[in-house]
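Okay, so here's the structure we're looking at.
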């Protein structure tokens, strides 16, 4: 057995970095903190790579399967004898894979930010928050139990809040951060309820005992029913609600596009590569329960994923803010991953979808981070987010152009880039499971290629735009991460995921299914072709098309009015129909009742005070009448 | 017998009439004089009951002392010719009702009750007996009440002087409590 | 040595010291000296307590002292602590300490102010160490009375009205409470023998169930008024809004905890059967408190009102958890008391400091303060995050313990209500973030606010003490939770023995 | 001397006198006249005492001594009351009882 106890330092180092930078950075070394943060991250990146190597290649498999290793565990809070929150490090294929993804992307983003954020006010604060985020995200993926996951789930939420609202003097950023936090918080409510229901029935939070396919948790849980579904299904649906919120699936996706108000490196790290896939990771983590004890919940996962992917893809075709296009693209790709999990079975080749999902998560992290960082470089050069204000940038930004093109090709699924492989596995898994979902994903593949190349052509080709000052290529700190990630996007497709990351830890054989792959490449090319015709040169066709499909276009452009629906719910219903009446009720009914009691008392006492008139004769009169009355009472009436 | 009864009726009539006049007369000095008549008639009743000493005390103290005191104070505080405002109708009606009701109640009770006298012989009330009893510490003695009364009289005397002495805050300096 | 009585003695001596002072400038020095001593004593007490437990002392109450006071009624001055009281005493010392620093700049009738404040603290300390119902009640009243003066004299806004309302409502609660306590007293020896006020002795007998049915509601509502039980919470917004900073801190931070503590230690511990029978009524009321307080807070514009409603919501959670009557939920309730105490004291301290600078508490008149006064603003954000239950700060620990505990209740009704109560965490997030966004973030709206001074040293001490405690509990809750849990065991055993599920 | 007159006569007479006094006490506005009404009441009581003593317990003297003391008390009462009246008159320039209500509330 190899000792993995050092892995505890992987999350802890960024945590101390956060404390250190947060408390001392501002005063003592505002300039140096970026370098410090990056160095810290570099160390844990190396540690993660070592861990991955040791885990996948030197640890002995038992019975041909990768084992779950608890590298570290300590009780943090005891609830009951059986229920306790532990903090620890759990190593298994997906957590190790996530370690690699997070540290790689995070390191790239750190390096990139050194250039991108240079000279910004709050430079050290930015790096402190990035460290906080890295800590939380690593803690999340390494969680040994579901409650630890929930803890870090909240922490990534708050780091995301802090980073989106980094430009806190910009009202739109403030609004976006608030929205992101509240929407995900609402989803987390579901997660929490799910955890509670789960723990009530299984009496454990621990992942290993929860997800043991032959363990009591799975075999017992399907019994008790409520509204036609087993309790386990209910709890999994609630847990998935948390995943929906964090991964910006429909209907909790509305925060993600707005979250683009944050600095671009943050979007790349949090809102493309790592945090938003936490939902996928969550489902993958609980996958044995989904697959074995709660198939209905798993179906919901599949449909939510499929719907989100096509929904987002349609919206992405109409947006003009490049970061928003990428945001919807992220949502769409995560939908893919969800769908892949949803159509997967447990164990062996049945678990193709699971493997595909993780594979796509991995490749997506690379190319989407690349896309965002590229977009950041563009924005850095042009000082605008809007496609309409860009065009012909290929001459000014050669490195960005090439890397961006690679990323676009990857996401469009052009072989032999990584996106092709992972997407192909997903489509294959969907084909075996559900033809309808398969068809939807085909359409999404085409749409994806179309909107990505729409973006690409309008930014780098298209009309010649006059700029205030000539855009220039970004500094080396920004281009080097782009190049590294581009290389990653090209090469990661060749990683044998079916050997490493599978639903039950055992390797299985899978080969390229040409019947799936060829049409998917073709449809990708078709999308690119259409984009080429419409956007390569400045042309009037897009506007005409938009005019032809006026209503559909308008709906898609306005994101199907989801924001408005939410606004209606929050402003009109929660605020106007609940909160204000509650406040009114409190002041005018509850409090008024209390005040009324007081006034009645006071009124009565004023009346009584009137008796005390100081008029001697009145007193006398009352006294005598009273005496006479008493006399009558006692002598004649009360015999 | 008859003369007794006539005397009693005379005295009672005087008492009742002058009592009512005392409390209804609208001239204060006249009221005082009516009171004097009531007190004198009362002392007449005392004579009838064979309490001569008490009757004498009544005459000297009440008729002589208190009424004079009252008249003095009237002279100090009012004009002799001053007429009172008539009492409010409601007030007098209610008071009258209360008084008459009380009176009727008491009278009915008195008439209903069967008083039974003891058969023992009456004690002769002479001055010596009164003096002895007042200062005696025996079973029949009244030394304690006597002393108490003495102290009370002394206290009243001092109190009257202290109160009537000029001093204390003037009216304008009084705190006004009438807010409501 | 009678270490517990020192907790009453030190404040009294401090008060005497202040009274004897000629120089008004030294008042706060004396006060702070006394209360620092108290803080140290609290630390010593925690240490002594833990070492006593560690050495195998399993008595229910430690450091018990008992002096007969009124023989005819068998009233004793009896003190003793278990882990719960120790935790709450520490909370009180911290909040009082921070409160004194927060009222550093009180100038008007300084001497009287500090005397009243420490008098209030005396009552609270006395309440927590008493194990005799009568003495407990006495200290309870002692804590409530100075509140009237503190709000009525040093408050702001409609202070007389608020002070009157607060005092009268709390007095109304005390009246019910007194009835309840007397009811317990007269039923404390159902099998004959001497009547007693001593909690430990009463807990050895079972009060007849018919008496419990009458006196449990009285006692619970009596304490519930102080714990802001719906619909008896309306003193809280007005009272807090008018009170001066330190008083709000002490009141929301500590005094409201007397309600929760009493409801738990007296009402439920002594009358568990009626508690179980009637818990559904109060569970409904407290869940209303929780959700309703949170919704009420959304619509408010005055910072103190927001916080007052938030306190209603959080304190509702305390009573809610206590009524679940299992160990985890009760543990959560105690942690929530401590956590809420620290957090709300922090909030009120910060609000006081903001008010001292901007002279307004209306959030729509402020904005963009983060840029101007970063220290206070960051602290406010931390307080907010603690309040909405961010892991790593105390609120999370408390709420999660409550929710997990409450959800272990075997009856479905209670679990469903728990889910309702859980939904408050979202609403909390809404109003907290709304305040943070409007108040601190965004552009600075008012040019008068461009040059506000950031925190002074004494304000920093006050705030940092509280944040440190909040974070300490949030990061390492285990020791606190197990200290409370050990002491809860006999209480839960008794409840379970009388109410077999 | 009192033979032939039943005790009830005295009592009824005293009752009438007493309630006349009460009536006066309740209706007169002038403090001095109220004082006179009080004297009437006291007198009525005295008559009762003496009548009872004479008719029911002729061998004892309690009634008489009580009356004697009452007369003494009445005298001191009158003295003090008149002192008060004079003081009030000085202070309020009136002895109308309705105007003297400083004791109100």
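For clarity, chains are labelled A, B, C and D in written order, and residue numbers in each chain start from 1.
What we mean here is this: contacts are C-beta pairs under 8 Å (C-beta built on N, C-alpha and C of every residue); 3 or more make two chains touch, one makes a residue touch a chain.
Computed from a predicted structure; not experimentally measured.
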- Where the centre means the average of the CA atoms, what chain is farthest from chain A? B
- Averaged over CA atoms, how far is the centre of chain A from the centre of chain D? Could you give it in whole Å? 97
- CA centroids of chain A and chain B: separation to the nearest Å works out as 101
- Query: What is the distance, in whole Å, between the centres of chain B and chain D, each centre taken as the mean of its C-alpha atoms?
  - Reply: 4
- Item | Approximate Å spacing (C-alpha centroids) for the pair chain A, chain C | 37
- Message: Can you list every residue of chain D that touches 2 or more other chains, as numbers and ranges?
- Response: 22, 26-27, 102, 104-105
- Task: Could you tell me which residues belong to chain A and also touch two or more other chains?
- Result: 609, 617, 621, 624
- When you check chain B against every other chain, which residues touch at least two of them? 91, 95, 98-99, 102, 180
- Which chain pairs here would you call touching? A-B, A-C, A-D, B-D
- Note on the structure: Note: in the complex, chain B contacts chain A through residues 91, 94-95, 98-99, 101-102, 105, 109, 180
- Message: Residue numbers of chain D touching chain A in their complex, please.
- Response: 22, 25-27, 34, 97-98, 100-105
- Item | Contact set on chain A toward chain B in their complex | 606, 609, 617, 621, 624-625, 627-628, 631-632, 635
- Message: Applying the document's contact rule, which stretches of chain A touch chain C when the two form their complex?
- Response: 75-80, 83, 85, 147, 150-152, 154-155, 158, 161, 165, 168-171, 174-175, 177-178, 181-182, 185-186, 189, 192-193, 196-197, 199-200, 574-575, 578-580, 582-584, 586, 590-591, 593-595, 598
- Note on the structure: chain A residues touching chain D in their complex are 609, 612-617, 620-621, 624
